[in-house]
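One chain, chain A, appears in both complexes that follow, with chain B as partner in the first and chain C in the second.
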Partner chain A sequence: MSGVQLRKLGALWRLGVAEATAYRTSLLVWVLATTMPLISLVLWRALARGGPIGDYDQAGFDSYFIAAFVVRQLSVSWVVWDLDGQIRTGALSALLMRPVHPVAHHVMINLAALPLRTALAAPVAIAVLLVTGGMSITTNPVALALAIPALVLAWCLNFLTQLAIGCLAFWLTKAAALYDVWIGAYVVLAGYLVPTSLFPAGLAEVARVLPFHAALGFPVELLIGRLSSAQALAGIGLQLVWLVVIGGIAALAWRRGLRAYGAFGA
Partner chain B sequence: MADEPAISLQGLEKNFRVSQREPGLWPAIRALFRREWVEVAAVAELSFEIQRGERVGFLGPNGAGKTTTLKLLAGLLYPSGGRARVLGFDPADRRPEFLRRIALVMGQKRQLSWDLPSLDTFELNRVVFDVPRELYERRLAEMTELLDLGEVVRKPVRTLSLGERMKCELVAALLHAPEVLFLDEPTIGMDVSMQLAIREFIREYHRRHGATLVLTSHYMEDVAALCERILVIDEGRLCFDGSIGELVRRIRPLRRVAIRVTQRLDEGQERALEQLGQLALVGPPRLALDVDPERVPEVVARLLAVPGARDLEVQDAPLEEVMRELFARRASVREGATDTGDGA
Partner chain C sequence: MSAGFEHGAARRHLRLLGAQLRLSTLAALEYRVGFWTEGVVGLAWSLGGVVPLVVAFEHRSDVAGWGPWELVLLTGFFLIISGVYAAVVQPAVSRSMTQIRTGTLDYLLLRPVDPLASCLTAQFEPWSLIETLTGIVVVIVATAKLGLSPSVGQLGALAVVLVCGLLSLVALGVLMLSASFKAMELQNLTSLMETLLGFAHWPVSVFRGPLKLVFTFVVPFAVMTSYPAQSLIGGLGWAELLGAVGTTLALTVGARVIWGRALRGYTSASS
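And now, the complex of A and B:
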């Protein structure tokens, strides 16, 4: 990447930080709206009082759901709503007139909000850590080294899924509503409410190869030390496969969508 | 390269596929299963050229295809057929080198971030359009001065008035000094003094940079003040290409000679004047005669001889009236065509 392109990304980043600061209250509301894993934590911890459930005891649930909360905060994006609105109202035109790719614009705007969002989420996570007595983090150096790429890939998967669905707004009037369907499946299949390893045999195996799990359950299990080095590498491999598939769909939808752009308010 | 026109269109076409249904519940349910699509031609075989530095206005009724044409030229829409070249580029490719040399300002859209001061967007544009900082500072100072913006650029955009916002939109669009400037209804919804300020500013930009201007507006004043050449577009086709004067004279070949009078003339005098042209106003306060341009000197002399005559004026028909007449005429031609079609 050339210096010029880096400078452009930097400028978008600064705009994103300024926007995130302007929208700090909505950011906080969003953080609070994504505390579902903490509710699950309380629920499963109570259920596990009598003894471990599957391979999770109380401390295991604590670690899992705190990690799920953190991964969710770090891998979140909202491009589907932005894009849906911009396509329907024609506001996308302004982005298309700049010599910088609109997708690069959205990537930077979404990333730029992460530090502030993390700062807003940190007190919640710390409070839970104090109340529950802490969480265990993997000591396996391979898993630790892979945690960062796994998180980055999880972010990319969420972003590209939203991008692909958001592009449907080029043809449909309410594409963002379709994302709710995706989120419905995500909540169940990603390990957001229940670790996928507790699913009934058969369903568990299926759920663990789907993109939902790659975007949440896998990095969580990696972080809390539930995966061997081999499993960790396989998980990254699976994330990459989904990245190519979903990224391909998103690229196609974007390219064809632009040709259809303008039927509405463009 | 220098002789190449800034903009050229050859048989440019744009069709939209639009779903349609009858009103009511049953058609709504049926439309869930079977949509009916119609192809609407927004732009049909449009061909023209615009030279560098020209100021051109697109006129036409709502839905005539003016804005669609503008968007095709700016590269926002893909043409369904034909070819467009702007500064030697195919606009639909939206190459960065192309985008750095043009700008599109839309009265009903914004590029400024809603909850941030305009300066934040200016700063973003400085970097993404590769404007050297010195040049940026100079242009920004120049434009804020010309538009009398002062501290306005430091306030969140959502707190600005419509006029202030449009001024800031113009600054954001012009910081990279585009060679071709597309303006879509830049003064829509503004009061007269704000329209005037914006018009003046655009004219000044053209004077300083020699840019090519392409404008659509519902306000004939905008077009009259800014554009030396008019393209009338209706139903996606070009139906007039020339100066405002030519347009007016084509629709209303007569010129109006008017004076201020204190009392109405007697019947004999009026009849005498009617020999020279059509009596449009009989006053008081104004007496006006629509006459053939060749008879203007004669009519002027006759009117000045009217006792108590003051404030003589010779004018083309007002542009608004001309446009009303033009579109009414085209509409009746269209209806006529459908009538015969139905009858046959």
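And now, the complex of A and C:
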């Protein structure tokens, strides 16, 4: 990458940080609105009072849901709403004129909010850690090393899914509403409300190969040491498969969509 | 204040309500895709929230003393509450927040009705009532399945807690709206409320300690879903009933007072 290109990305990063800082209260409410895993923690901890549920005891649920909260905070993006609005209002035209690819613009804006978001979420996570008495993190060096790529891939999966659905705004007026359908499935199937390994037999196996689980449940289980090295590698492989599939769909939708966008002269 | 004036004011408020309902319904019929995007998706969302309950019963025979069909009954009441939230509270609050942000609330304040009434009727999303209707069916089916034959007293208690639950829900909406006068970036408070509503899926007896107090007296999800179900099953005592009424009164009056203060701080679009 040339120095000029890097400077442009740097400028976008600063723009993203400035935006996130300006809307910090809003960001904090978003952090609080994604505390669903902590709600689940309270519930499952209460249910496990009388003994473990499946292979999770109280401490197991603590670790799982704290990790789920952290992974959710680190893998979040909102390009679907931005893109939906930009396409509908025509603001995308201005982005297309800029010397940076619009997708690169969105990547930088979304990434730039992560440090502040982490800073806002950290006190919540620390408070829960103190109240529950801590969590267990994997001691397997292979799993620990793979946790970072797993997190990066989870972020990419979320971003590309949103990009693909956001591109539907080139043809539909309510693309962002379609994302609600996706997130509804995500909440149930990703292991956001309950670890997928506790699902009834049959449903569990299906849920664990879907992209929802790859974007949340897998990195969480990896982080808290519930996966062997072989399972961890297989999980990364599955993430890569979904990355290629969803990335391909997003690329196709973007290219076709731009043509449609130009055609109706926005 | 004469009786005639009172009468006129009541009529004006009713006419406002009628007009807003008609407009929203017409708009909803215009955008029939809302049947899917608001009605069916909202219902699917709420039913998705039941999955953890199903998983819990995979591993346990009861959840905090509640059997499977008793929780179905509770889920019915959850659907009713959640549908009302999505159809009435959330759209009105979101719309009014936008008007506060853009300054068009000015026009609303000029109307010869109570500003809060104007805000709370600002918009409806009738398609979301599909969820409420489903909830009513679920309640009836569960009541039949449990073989309950509620007495008049029990039905009375049910009516009281249902009204309390709905009033508290609206009061919470008014509090969110009042908060948005302070900082216009609090638009996403309604999403936070949606997340919190997830707690209402569960009987309040699951919770212990401070959370139980919060869900009984501060954000009274217990009044919204657990108590109605308990009133039919027959486990709702006088103490709980009085607690529900007291909490609702405090919340409603508090919301009204805080709203009044927040409105005085409104500086219109020009500043």
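One rule holds for everything that comes next: the second predicted complex is superposed on the first by the 262 of 266 C-alpha atoms of A that agree within 3 Å, B and C clash if a C-alpha of one lies under 4 Å from a C-alpha of the other, contacts with A are read in each partner's own complex, and residues count from 1 in each chain.
To be clear about the criterion, contacts are C-beta pairs under 8 Å (C-beta built on N, C-alpha and C of every residue); 3 or more make two chains touch, one makes a residue touch a chain.
In this text, all values refer to a predicted model and were calculated from it rather than measured experimentally.
Of the two partner chains, chain C is the only one touched by A:V181; chain B is not. Once chain A of one complex is fitted onto chain A of the other, the partner contacts of A:Y23 extend to both chain B and chain C. Contact with neither chain B nor chain C is seen for A:L240 once the two complexes are overlaid on the shared chain.
For the contact definition in use here, the residues of chain A common to its chain B contact set and its chain C contact set are 23. The touching residues of chain C, counted against chain A in their complex, run 33, 37, 41, 44-45, 48-49, 51-52, 54-56, 58-60, 63-64, 183, 185-189, 191-192, 194-196, 198-199, 202, 206-208, 211.
Considering their complex, residues 23, 25-26, 29-30, 32-36, 39-40, 42-44, 46-47, 53-54, 174, 177-178, 180-181, 184-185, 187-188, 193-194, 198-200 of chain A touch chain C. Those residues of chain A that touch chain B in the shared complex are 4, 7-8, 10-12, 14-15, 18-19, 22-23, 90-91, 93-94, 96-100, 258-259, 261-263, 266. By the touch criterion given at the top, residues 16-18, 68, 71, 74-78, 94, 96-97, 99-100, 102-104, 106, 109-111, 113, 115-116, 120-121, 123-130, 156 of chain B touch chain A in their complex.
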